[in-house]
Every structure is written in C-alpha cells, then in structure tokens.
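Please find the structures below.
Here come two complexes built around chain A, the first alongside chain B, the second alongside chain C.
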Partner chain A sequence: MVVTEGFEANTQGTLNDIAVREFHDALSRDEEVAFAVAAIMALTAVIKRSTAATLMGVSKELEDAAQALQRVNPTNISLKAGCELFLRYTTRTSALELKDIETAKARLIERGLHFAETSTRARQTIAELGSRFIRSNCVVLTHGYSRVVLRLLQTAFSSGLQFSVIVTEGRPDGTGITMAKKLDAENIPVTLVLDSCVAYIMDRVDMVLVGADAVVENGGIINKLGTYGIALAAQAASKPFYVAAESYKFARLYPLGQADLPEERKPLDVGPMLPPRANVINPSRDYTPPQCISLLVTDLGVLTPAAVSDELIQLYV
Partner chain B sequence: MTGGQQKPVKQVVGFHVEGASPSPPGLSLLQNEMTAGSPTPVIIPPTFQRETSHGARSSTLETAARAVVDPGAVSTSAQPQPVPAAPAEACPSVAASAPRPIHQAERAEASHAGMAQAAVGSQSSLASESAMSSASAGMFSLDTSTRNPQSPAPHHPQHHHHHQHSPFAAASGAPAPGAAASAPAGKAPKAASAAAAAPAAAAGGDGAPKGPKPQREMTKAERRALQESQRAAKAAQKAGGDGVAEKPPRGPAAAVRAEGADGGRGSRGGGSSVEPRPASAARPPSSVAGGPSDRRIDSLGGAGGAGGPGSVVGIPPASAGGGAGGAGGEALRKKKDPKAVSLNSTELFAHLQQYKRVTAASLLQLGQPGLAGVHPAVLQLGLRYADGSIRGANARCLAMLHTFCQVIRDYTTPEGKELSRDLLRHLGDQVNFLVVCRPLSVGMGNAIRHLKLRISTIPPETPEGEAKELLEQEIADYINVRIDSADKQLVAYAVAKVEAHGDVILTYAASHVVIRALVEAAQQGKSFRVVVADSRPETEGRATLARLMAAGIPCTYIHMNALSYIIREVTKVFLGAAAVLSNGTVLSRAGTAAVAMMAHAHSKPVMICCETHKFNERVQLDSITHNELGDPQALAAVPGKPEINALEGWAENPRLRLLNLKYDVMPAEYVTMVVTEFGMVPPTSVPVILREFRQSEQTVSGPF
Partner chain C sequence: MSEKKEIEEIVEECCAVFRRRQIEGSLPCAKRTLDILRQIVTNKRHSTAAALIDEIRTVGYRMQVARPVELAIGNMVRRVLHVIREEAKQEEIDESKPAASAPSATEDHPRGQGSGLLTQAFKGRLQMPRGPSLSNLLDDPQIFSATLAPIAEGAATERGPDPEAESQASARPSAVKGQNKKTPANWKGKHEVIESINELIDELDHIQGSITTQGVEHIHANEVILTIGMSDTTFFFLKEASKKREFQVVVAEGAPRYDGHLMARKLADAGITTTLIADSAVYAMMARANKVLVGAHAVLANGGVVAPVGMHVVALAARRHSIPFVVLVGLHKLSPLFPTDPDLLYNEFKGPADVIDFDILGEAFTQQQQLHEASTAAAHPSLASVSGLDSAANPLVSSSGPLLASGPVASAASLGGASTFDVASSSGLRWDPLPGNVHVPTPLFDYVPPQLISLFITDMGGRTPSYVYRLLTEYYSREDYFLSREVFGKDGR
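Up next is the complex of A and B:
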C-alpha cells in the first residue's frame, strides 16, 4: 500500500496507479471495448478519487494520469486522442464557473461519465447511421479488423438487408482473416482476397468501408497499412470511400504526408524469409488524405472531411 | 455617334487593304464616300457592318441627293455646310423608312461600338490629312468635329436620332483642342476658359436641348441599352487612363471637373444628366476617368500639375459624381491616346484604383484645403506606404495601428459633438487619405473595422480622457493578441512541421512570419536548407535571403523561371498570405499562386502561414475582382541595368499598356494547410474560425 502523507508526488503516483488499474479492468471486462473508452473510464475514476482543492489541480492530475495511460500503450493514437479530447471536454472552463470545488468536481465527473457513456454507445450510433448506406445486394470492400465496421455490418444484416463483403487478407498480421471469420459467424456472405487484388476487384465493388485508428485534423485518417492504396483505387474507379470512426478518435494531428506520422514502436514483422542484406520498410499504418474520403460516419453524425476540422475547432478554440 | 451628319466623315474605319483590285462598279458610290480617292477597297469588320449599311444607305441617298443638288459638291475636302444638308435630308428619309425602335436600339449599340470607332476615327483623323466622307456618317462625327472644333455641333436639328451623340461630339471637339492648346501651357485659367468654352458650346449647340428628347422617346429597353453602352464606354475610358500619366492635361481636367462638378451635379437627375453621360460614352479612352478613387488621385495629380488654387478639388467629396468626372475626363481626350478600347488589355482592371504616385511634393501642392483634418503622423505614414518603405501586410497594419493610437491621443472632441460619432468621422478622414496613398490591405481593413466598432459602442457619457484611454488600450490589445502573440504561437506550430533533418523548404518573396519560423527552426537545431523564389519588380525575396543567411541557413535563390527546375528538390513549401478568404482562397503577393500551383502539381505540401486577423469573409474566385495596381513604370525599368531600355517611352505608345498587379489568388485546392495561431487548419475551416470570432466578438462588445 502506498502511504499517502499528502506529498503531491505520492498522491499523483497513487492516482496514476488507480488510473492504470482501472484501464486494465475496463479492458478485461469487455473485450470489445476500445482503448480510448477504457482510458476515459479510468480518467473518470481519477476525478472521483482526486483530492485537489482547485480546478487547476484536478486538471493537472488528469493530465498526469493521461500521460501514465499513454505510457502503457504509446503507439496507440486513438488512446492519446481520446485522452486529450476527454481532458478538453471536461475542463472547458466556460461552463464551469462554479466557486465550490466539490460541485465542480461533481460536474466534471458527470461530464466524464457522460463522455464515457457516449463513447460506449458510439459504435451503436455509427452502426445505425451507417447501415443506411448499404443497399440491397451491394458489395462492400473492407480492410483490416475494425470492430465498429463489424458492428455496422452486423446491424445492417440483422435488419434483413442482403449484401456481401469482400475482405482483404491483411498480411502479415492476418487481421483480414479474423474479420472474415467474424463475418462468417454472422452468416454474412464473405469473400477473401489478397491485398494486391484490390485494384483488380474494384470494379465489382459498390463501396469501400474501413475503420480508422485516428481521424486527423483535416479529415484524413490513419489506418492499417494498405488503406491509402485502396482509397486511391476507389477514387480512380469512382467508388465511394466511407470511414466509420468514433468521435474520440479525432486527433490533433496534421500529417503532411506518409512520413509525418507518429512514431511506431513496433513495426510489423514481415517474416523469416528475408535476404540477409535487404532493407525492410514495414510500417503498420498509413495516412489517407481527405481528398480520397467521401464521408465519415461518426457518432456525431455523418460528416464530410471538412466538417471534422469544424468539430475540432469548436472544441479547442 | 451618328450626330455628325453635319460634316462629311473623312475617315475610313476598319482595315485598309493595299493593292487590292478596285471593287466592282456597283459599289462605286460607296467607294467614293469611303476612300481617300484611291481605288482600293475597304474591309469593314462585321461588328460595324450594320452601321455601315445604315450609313451606306444614308450616304448613298446623300450622294444621290447631293448629285441632284450639287454634283460638284462631292469632294475630298471638308465641306461642312452642303454635306450636312444633304444627309440631313437623306437621313430623315432613311429614318422614316426604317422602323424607329430598331433604329434607336441600333444607335444605342452603335454608341457602344462607336466609341471604339470614334477612337479609331479620331486617330485616323490625326493620320490622314485629306478629308473623306464616310459611308457611316454618324460614327465619325467625332473626328469631323475635331477637325472643325469651332463650328457649332449639330447642323441638322431634324436629325434627332443622333442628337445624343452630337452634344458630346461638340463637347469633345471643343475641349479636346482646348485641352491640347492648354496642355503645353498647363495653366488652369486657360484650361478653364477652354473648358468653359466646351460646356458653353455644348450648351449652346442645338444638340443640348435635344439631348434628352431621344431618351424620352426611347423605350425602356433602349434606354437601358444606351446606359450599358455608356457604362462600357466609361470603363473603357478608365482602362485607357492608366499608365498614360500626363500632368498638364490633368490640370485642365481638375479645373473642368471643379467647374463641371457644379454643372454636373446640377444637371444630374433627369434627362439632362444624359448629356454629360453620353458625352463620356462617346469618349475614346482618355487618361483621366473612372471611379471616385480615380478622381481622388487625379485631383491630387491634377492639382499638382496645375498648381492653381482654383483647381483644388480636395480630397474626394464622393459627390463629384460620375457625370462630373465623365465630363472632366472627356475634356482631356488626349490626342495621344485615341486607340480603340478593344485593344486595351487593362480594360479588365479598369474597376481597380488606378496607380498614382503620391509624393511629398504632390501633397504639398495640394495644399492645406486638400489635406484638411489629416494628422501629420498619418501624412507621414501615407507617404511611407506610397514609396514602399513600409510594405507587407503585418508591417502596414502595425504601423497604421500605432499611428491611430497617436491620432486618438491628439484628438479632442469639438464642442457640441459626440466623441463616438466625431471620432469615427475623423478616423474616416485619415483612412481616406491612406487609401489614396495606397489601397488598404485586408488586415488593415479588419483592424479598422474592429476599431470603428469599438468607437461606436462607447457610451456617450464617458469622459473624453477615459474614452481615449479605453481606445488606446483596445488598440494595444488588438496588436498584442491578434498580431504579436499570434505570431509567436503561429511560429511554434510552423516550426513543428519542419523535419529535424533534410528538409528543403521553398518560400516566395518576403513573409515575416515565414522568415521568423525558419529562423526559429534553425535556432532549435534543425538542419534544413531553403530555396527562396523571387520575382520582379519588387524582388522582395532578397530581404528574405538576407535574413535567412544571417541566421546561418543554407539558401538557394531563384527567380520564377527556375521554379519547375528546382521543385523536384523541394520537400515542402512555406508561404505567407495577405489574406485568407472564406472559401479557403489565399490572397498573396503576385507570383505566390504560381509557386503553390507548381508545388501542388508535384505533390509537395503547401503551408500558408497567416494570422487570423487577416481572415476575411468575402469570397473571391479570381485575381481580377479585387486587386491592387502598382506602378507600371517599375516594369519598364530594371534598376542597375540602364542598357535594358526596350520599354523606354512606353507611355507614349498608344497601343502599349503595362500592368503591374500586386496580388494574386490561389484556390483552396493548392493549399495543404493554413497555419494560424490556433493551430493548423485545413483551408476549408476558415469560415469556422471566423464564426468563432464573431461569436466571441459579440460577447466582448456586450458589456460596452
């Protein structure tokens, strides 16, 4: 047990531990929960346990806790984005003109819980909004394993709509195969293709639907490697490219190109059969610019890429 | 334009074909009218065909009549009396035969095309010595009247169709030689008398009272057509005005305007206002014409040129309306500048404030009345704008705000006036003067609007000292928040986008924010090199180059012609902006759009660094609707290279116009991001930021 003697460092350390513990608990409770949502729940717990006397103090504690959470998983952009958004959302001072710290904290907790609840429900909201885009007998192409896309397709299928899904294999981590298995379990007709088959198959596809690791400021997305190529092929073939992303994934990033992405700690492993002197470049993510994206289906509504910035500015400016 | 049945039209319009065989005898009548006695045919461009046929018809009848009346009268020398009589008889018959409404409409159209022809006509009047009668008699009345300036304008009262043209025919005829005569003298009184003669002649001529009549008789559509043609003619005048700067004619112009202003104002409204208007419509492009700002400048220049107190029109009463300006302008119809409007490419920019060099000398000559109410600090500021010693959007805005602080400090409310209203008026005077020196930039406009809003919300019972302190504080806050702090934050965001190693950054001309960002990045230890693109005539890139090199950054310096060569080496582009508009369009120094386009074509990211105080709500789709014209002389001369003199004497060449545009516009699709003090935003988010500011403005100004 950590002895709390009123030293701030110790208290913070305790709080950070609490945060991390809550985070892991949330993850283990529900395997479907997103990292960012779990982090939000953890931060809400921090507010509850906070002993700070001023609003600034609470803010500071939250920031430190968020840093601690990000250290758990540094490469996850949506975790960072979610934390930042939560901090911003809860500490918007214009609505917190309360002198009493306890009331203020109660208000913060209320906001935090509301944010966590919205985020948990986000997938459901997106599924309902997005399933309207799927028409009868249409062919949907997807890439990577996205739980929100899965939920969307499940919702559409369970409403009686007939459609089929083409899934890319997703080497080398095999996420596509995972997705295919899940879809098959729902009795949705699924076709598996190689990653390199996308341009070939684009003519037969009616729409492309992917998830996102993060949505950047100009409305572009960061997603599994290969998304950009698919987006370019879809644009060339005049097929709509839809992204399903929750609003806590809106990140304050603005990449100028592929080289401008946040650092990755663990690039993917290509495999053992490499020539000894060959260089390997194998990032796990790429950046799709907004020009290739038709619409983003989010829990805030169906947005154009330009509207993402609108939302972010409203929150941050 | 056909009012000049009075005299035989002597010129040929269209293209004179040398050496071709004579036309068949069937057209011989036509030929006699049209050519200077040579058998070569004349080709009339299709636009002029209708008038030609009209004129041809009338002249055919005219010749027939003449042949009956006086066979020998057809000659190549100018015979005002007999010829007008014949066409006088001929035309009414023509008129009677042709259905009137069409006739009128064609006249209206003729006046539009006719101004060009008149220009051509008058030019050929210079060229050709022999008198020729022309088939399209009406079109060339102008030059005929030029020939015979003293004869009263209309000789055939019954030719009322063409009356709207005759008054200005007379007016143009009289003032033109008047102006020409006074041009060398450059004396206001002489010009005044000549100018007085012009309106007198115009008034005295039969055409004057007859002027309104055709208007009343025209249908509404025809009247509108006439108005459109006049407007086009006026625009053409403005186009002709720029680049051909001649002081002496401006003196008379100002004088005429001063006198004509009263007449013009008096005659405005009602049919008689048509008189100065059609006059200006008929005018070929003259050096002085145009919108209020032109007149302002011209009055300065004119006053400077004439130097007489009587010619001081003062800083614009905008009441010196269109009619007056037109009348004045036409008085200046320059012999040197009679070219057809359609050849003049700067007609596109006739709506912009024409460039006029403002110097201390010209201001001194303007004298106290012209500069009434202008604070000396503002005078100094204006001169520094005019000579280019303060340039760049931020620098100009800052200098202006500091000066306004001074103005407010020195201001005292007059007896019986309310501070908020009177200070607004006072500030407006200062701004008007600054606009004369150099048009406002978008940032300056926003700052002025902000300041005026604050002034207007001062409660009337506030003591003067307190109000002034409030305003000075307001200005200081604006500078601090929207400019200085904004710059610092902007630089921080921009620096974050520079890679630690290996970047090759392209920039254009001089943007102090971009320079600061690059210097800051270098100081943070990032290693990169910069390519500075530059262009004539300003070559502002040299200042950028100097500052970057002083900071130890390796630089490459190119002009625009090397852009396509260097673009492959470049990794990103940083550009400054004069303004960012609501649809994401970026207004910046001329040439920036080309750099952005090149970068976009090669998929290089383009970063625009612009503080939010330069955001504007308007939408602009091209570089023409809003722009600024610079000194055309700057294009003609290359400093330090006197041997490059191909454009020497360009002002005398009637077919040559130099166009020096200061700004250009790039569409949002070339822009990757706009870096502001709030962070990096896509160009589509500009209206969002404007909206947020509008909302916060409303809350701030509430307590006032």
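Up next is the complex of A and C:
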C-alpha cells in the first residue's frame, strides 16, 4: 500500500514538472500566448503523459498539475481561470460518455489543442466586433499595453477608419510606452499622457477602451492599476467605457472591493529620498466594478456586465 | 421564369411602398415583410437552405434599405433567417444519426406542434447548442467555427473581393448535402420554415394583446402615470389596467406632433382621469408621478431605445426624481444593432411645418426674395452672401423631403441641410425678424440610453435592459446581425 502511494506521488511529481515546463515553454515560444492558453496547453501535455486508467484518475492528475501551475504564479487570475475552465470541461464533457479511456483521453487532448487555436481566433473575433464601436474621427483612451486592444485598434484602422488614440504611460512598468510604439508603427496617431493626466484629458476623449487581466463574476474587471481611476473619470464625464477581453479570462471570483484581490506586489523605485517610516503601497492591479463598465467585447459577443455571470453560471452550475 | 418575375415585381412594389412611406408603424411594416418573405419561400424553388438564406438575405436587405429607419423590417428578415438556419442545423443533426431517429422523432420537430416562439427557443436550446458560450468554448471545434467564422469572413469580404469565402460561410450547413444528392428540386425543410413564418405572423397579430394583458400587474391603485405623445400600445395597456384599477394619467402633448392631445382624449373617453400638460412641464410634473410608461420605436442591442423625440428629456427627468421609466415594446422591435453601428440609421427629419407655419415661411420667402432681388439690383453683394439664398434652389423644396442622419447624435452639419429657410431682417413680418439663416430641424426620434430605462414590458413579459443581449441570442443568428455585409461582399466591393 505504502509502496503504491509512494509510486503514485512520484509519477504525479513528474507530471507536475511536465506541466510547469510545458507552461513556461508555451509562454516563451510565442509572446502572443496568454497565460490561460499556456495553462491549458500544459494540462493537455499532462493528459498526453498520463498513465491513469480511469477518468477519475486523469482528473485527479490534472487537478494536482493545475495546483502546481498555480504555485508557479499564485497571483495570476487568468492562469487560474484557464485551469478551472479546462478542469470543468474534463469533468462535464461528453468524453465521459465514451466507454474507452484511451478515446476519452484522445478527445480531451484534441480539445485542449483545439483551444489554443480557438483562443487565437478569439482575439480576431473581438477585434471584428469591437472595431464597430470606433467611429471616424473619434479619440480613444486606453491604459497600458493590451494585445486585444492593440489588435482591435489595428483592425479598425486597417478598415479605413480615421481616429486617434491616447495612451497612458502605465507606470510603474511603463507598458503604455510599448503600446504607443506599436500603435505608432501601425501609423495610428497616438498621444502619450501621464497616468495622472487621465482626468485632465477626459474632455477630449470619446470612448475608453481597455483590456482586462480577468473578468469577474459580477461583470467587473481586474486590470492594470489605474483602470478603476480611469473608469471613474469616464463615468464622471459620461464617456463610454468598453472592455475587450477573451472569454477564457472569465474567472469565478466575486471581489467586493479592492481588498478582495489576490495581492501582487512589484518593487517600486521611489528613490533613496523616502523617509524611513513612510509606508509604500504598490499594487499592480485594481478592480473595476461593473457599474463603471458600459459593455464588454468578448469572443462570445458583445456582452453587458450582467451577461458575464450568466455565462459563468451556465458553465459551473 | 414568369413566376420568378412575379416575385421580383412584388418585392419591388413592396420596396416602393416602404420608400413612399405608404405603410407607417413598425407592426404593419413587420407584417408586410413577413408576408413577402413567405411568398418567396412558398413560390420560389431553392435546392438548399443556403440558397434560400442567400435569397432571403438579399431581398431582406433591399427592403431594409428602402426604409432604413424602420428597423422592424430587418428584424423580421433576421428572424426568418434564424428559423431557416435552425432548420438546416436540425436537418444536419438528423442526417448524421439516422439510426437514432426513431426514438427522437417527436423531439426533432418542435415547430410542428404549434407552440410559441419562446417554447421553441427553449426546446431548441436543450437540443442544439445556442450561440458561442463559455460552456461550449472547448466543445466540438465545428460548432464554434461555424458560429464564429462568418463574422470574420464577412468582414474580410467587405474589405477585399472574396465572394467565395462568403458564400461558403453561409452555405456551410448544407453545402455538403447539396453536392451529395443532386438537387432534390426543393429543399425539404421549407414546410417547417413556412409554418414558422405563419406562426411569426400570428405572433405579430397578438403582440398588442400580450403586452396589454400585463397592465394590471404593473399599475397599482391611485398611481399617477406619466406618458408622452400617442402610442397605441400604451393606450391599450392603460385601458386594460383601468378595468381593474383606479389611477391617473398625465399626458405630455408630444410637440411638435401634438399626438398627446389625441392620447388624452382617448384616455378620457375610456374613463381614465387624465391631465394634459405641455412638454416643458414634464420636469415639474414628474415629482408627482409614480411611474413613466411610454412606447418606443426600436430597442437596440445595448438595451437603449429609439423613441419619439422628447423621450430622452422625460427619461432624464424620471431619473432625477428616481421614478421608474418603463418602456412598452413588442419584440419585433428588438434590433441586434448598437447605436454606434455605422449600419444604423435611426433618425428621420420631417418638414418644418409642425414647428412653424407655412404661411409665415412663405411670407418670409417672398420678403427674402424681394430683398434679394433689390439687393442684387443695388449691387449689394454682402447681404446676398449672408442670406445665401438663390431663387433656383428654393429651400422649401428640400425641407419637405426627408433626410436621414446617421450616427447616434445627428450632427449639426447634417441638420443644416434638413430644413433651412432664411428670414430677412426686414420689417413687415408678423414674426420677429431673426438675423441670418434659421434652421428648423424636426427630428422624429430620440435615443434613450439603457441606464435610464428601468424595465421593458414585452410580449414575453418584463425584461431589464441588461437582459437584451440574451433575447438577441434567442431570436437571431449572429451571422445575420449585419444584413449588409454579405450583400456587399457579393458585389465584390
């Protein structure tokens, strides 16, 4: 008995290693790959190497592997959402109806591989749907760097629309500068502003468009720090606030406020001048509640925040 | 051949009727559209579902373009397309498992049982995957690509001429079948489709009734209900409620059409305590109201509505006083377009006659012309250029024609062309002279954003604006949201 347990733990250990390695590989292979997608690729790799004889066994291995993945990056919500989506899928899929374990595994693998493809298509779908919200001569404000937002703006621009983009700097990691560079490379007129300039510039803005790290159950979003401030400014100025997010970012979280987010801290370079007793709080993301959001452009269609919970409930209940 | 010609004539005639505005109101337009579509399905031969979809779409787009403000036309076309697509999908499922057909025979024809559309939608969801959702994200790749691809491909065709991809997108459900069995003369799913169209027409006939019967649920004793202008649905709703409840109605007159006067008279005739107020008194009266009940012209995909002009002000006043703003609409008015969509033309401008008397206008014109002639005779170029009027381009003519403004907010520039007349700064007018050009735009519609709307009362019950997205997936296929795209693609634009 003891021996078997030890043996199992050992295989599980290797499986977890495989998952983590595959996860990192997927991320480093292509910078376009999102965390959730990489997680699903990693879990697919686990099924490939799995020796379990029952679906229960496979699920158990996957759960362990998912936990191992989350230990690698415990604060990443979209990684968690991706793992949950795939686990849920393996437990409720029609693969369960199949008699043969090997066919069931094969189907799961096939779906896992297919997902990577779906997710790349998702971005394009969002771009197609979302570019209809951009009117000619309008000014779009965006925050930091987001691949979906970039794709959306590219799509709109290449369809012949004339518009300009205001990008926030996106301190502390300055991702807005990357965004500005990429937009400029596409010949889209772009203006870079300080993060603290958002309220000042809001007058000239026609719509706000941001990406999201995760979309939570009530339709709110978790995104780069400063998004909430922008949303409030947009609301105060009655400007529409749109979010572009792939559906695999829908997470089963229900934050009621900023304190409910899993904490993620990054070093802050405040310089040597800081008095020794002064505290520094340096979160990297914030939560924007659904009432600040006009619409979410997702690959499932253009959704109101209320629709997000509908989708999640359908999947998980 | 003659049969085809005949249909062509009917469609053309219908388009002309729409264009000339010989049919007014969304319900008659919707019925007319369905009637035409039924004739096409019944009388013309289509070997596959794809061919039928193609034809309906082309004709539907023509009809919608003939009357772009009447979104109900496009909505009905989309519904019929949705029915056809579902039928084709069902057929494919049936064919893929012919062995299992015996036990599921009853389930396979949910439409044959004369059930309502809602039950159909409900049943349909149980058997078939509804649009893309989180729960089928990882499912069979084909389902997902079938629902997603047409949008992307449709967009691609819009940019570059690529008609093949487009036809494939619409043909996917049955293209394979069409090749395998060499044209069985007529697509066999047609009967079901015709039946569904008949049901739709039936549903339209009863739409008013199913809304008005809910009156008692929404109006309480001794309430004060505020409404604006004339709406048949609202009137019958209130009348029905008055059979069981005692309440008061405040009617804003709805300038410049003043159809609120008619509404007030009809309500009073029905024995309801009625107060008529000017539109400008809406804010003052709102403090006393318990509820605002209005009709609308169309419901948009984000839950906003297009409604008779003046509605936005009423909605804002209601919001300021935290009074529920309830909109009564039949679901034939549900449009999958967003207010920002470039396809959407939602406003229409009428002649200035409602706002200003033609006598005064005429007088102003003769005065203007005399002045103009005098000034040109006296070589006074400055005045002529200020008035910018020459006798050849009489603005009265242009002002009587309709003008469509695109976008959610009609820009001042587009209003300018609508109805311009000049009033010369001269004496002898009954009306105070105004300097330079005076524009008299009279838009028909307002856009009311979703956050100002508390509830929709539809023929299927109460719905909040945030639920509209769900209704859309129930009634339309995503491929049909934009009727124009594939048509443009076909032209090789």
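The definition used in the following text is that the second predicted complex is superposed on the first by the 299 of 317 C-alpha atoms of A that agree within 3 Å, B and C clash if a C-alpha of one lies under 4 Å from a C-alpha of the other, contacts with A are read in each partner's own complex, and residues count from 1 in each chain.
Operating definition for what follows: a contact is a pair of C-beta atoms (placed from the backbone, for glycine too) under 8 Å apart; a residue touches a chain by one contact, two chains touch by 3 or more.
This is a predicted model, so every value here is computed, not measured.
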(message) What does the overlay on chain A give for chain B and chain C, a clash or a fit?
(response) fit
(request) Identify the partner contact of A:89: answer first if only chain B is touched, second if only chain C is, both if each is, neither if none is. (result) second
(request) Scan A:206 for contacts with chain B and chain C and give back first, second, both or neither. (result) neither
(message) By the touch definition at the top of the document, which applies to A:195: first (chain B), second (chain C), both, or neither?
(response) neither
(message) After the superposition on A, what does A:64 contact: first (chain B), second (chain C), both or neither?
(response) neither
(request) Go through the superposed model and pick first if A:217 touches only chain B, second if only chain C, both, or neither. (result) first
(message) With both complexes overlaid on chain A, does A:173 touch chain B (first), chain C (second), both or neither?
(response) neither
(message) So in the superposed three-chain picture, is A:184 touching just chain B, just chain C, both, or none of them (first/second/both/neither)?
(response) neither
(request) Give me the angle at the C-alpha centre of chain A between the C-alpha centres of chain B and chain C, rounded to the nearest 10 degrees. (result) 50
(request) Look at A:254 in the shared chain and tell me whether it touches chain B only, chain C only, both, or neither; answer first, second, both or neither. (result) first
(request) Report the partner of chain A that touches more of its residues: chain B or chain C. (result) C
(request) Taking the superposition as given, tell me the minimum C-alpha spacing from chain B to chain C, whole angstrom. (result) 7
(request) Kindly list the residues of chain A that each of chain B and chain C touches, one partner per complex. (result) 306, 310, 314
(request) Could you pull out which chain A residues touch chain C in their complex? (result) 85-86, 89, 93, 111-112, 114-115, 117-118, 121, 124-125, 128-129, 132-133, 135, 158-159, 247-248, 250, 294-295, 299-307, 310-312, 314-315
(message) Taking the touch rule as given, give the residues of chain C at its contact with chain A in the complex, in rising order.
(response) 131-135, 137-139, 141, 144-145, 148, 151-152, 155, 158-159, 301-303, 338, 340-342, 407, 464-470, 473, 478
(request) Enumerate the contact residues on chain A facing chain B in the complex. (result) 217-219, 252, 254, 256-257, 259-260, 290, 306, 309-310, 313-314, 316-317
(message) Which residues of chain B touch chain A once you look at their complex with the stated criterion?
(response) 497, 499, 572, 605, 607, 672-673, 678-682, 684-685, 688-689, 692
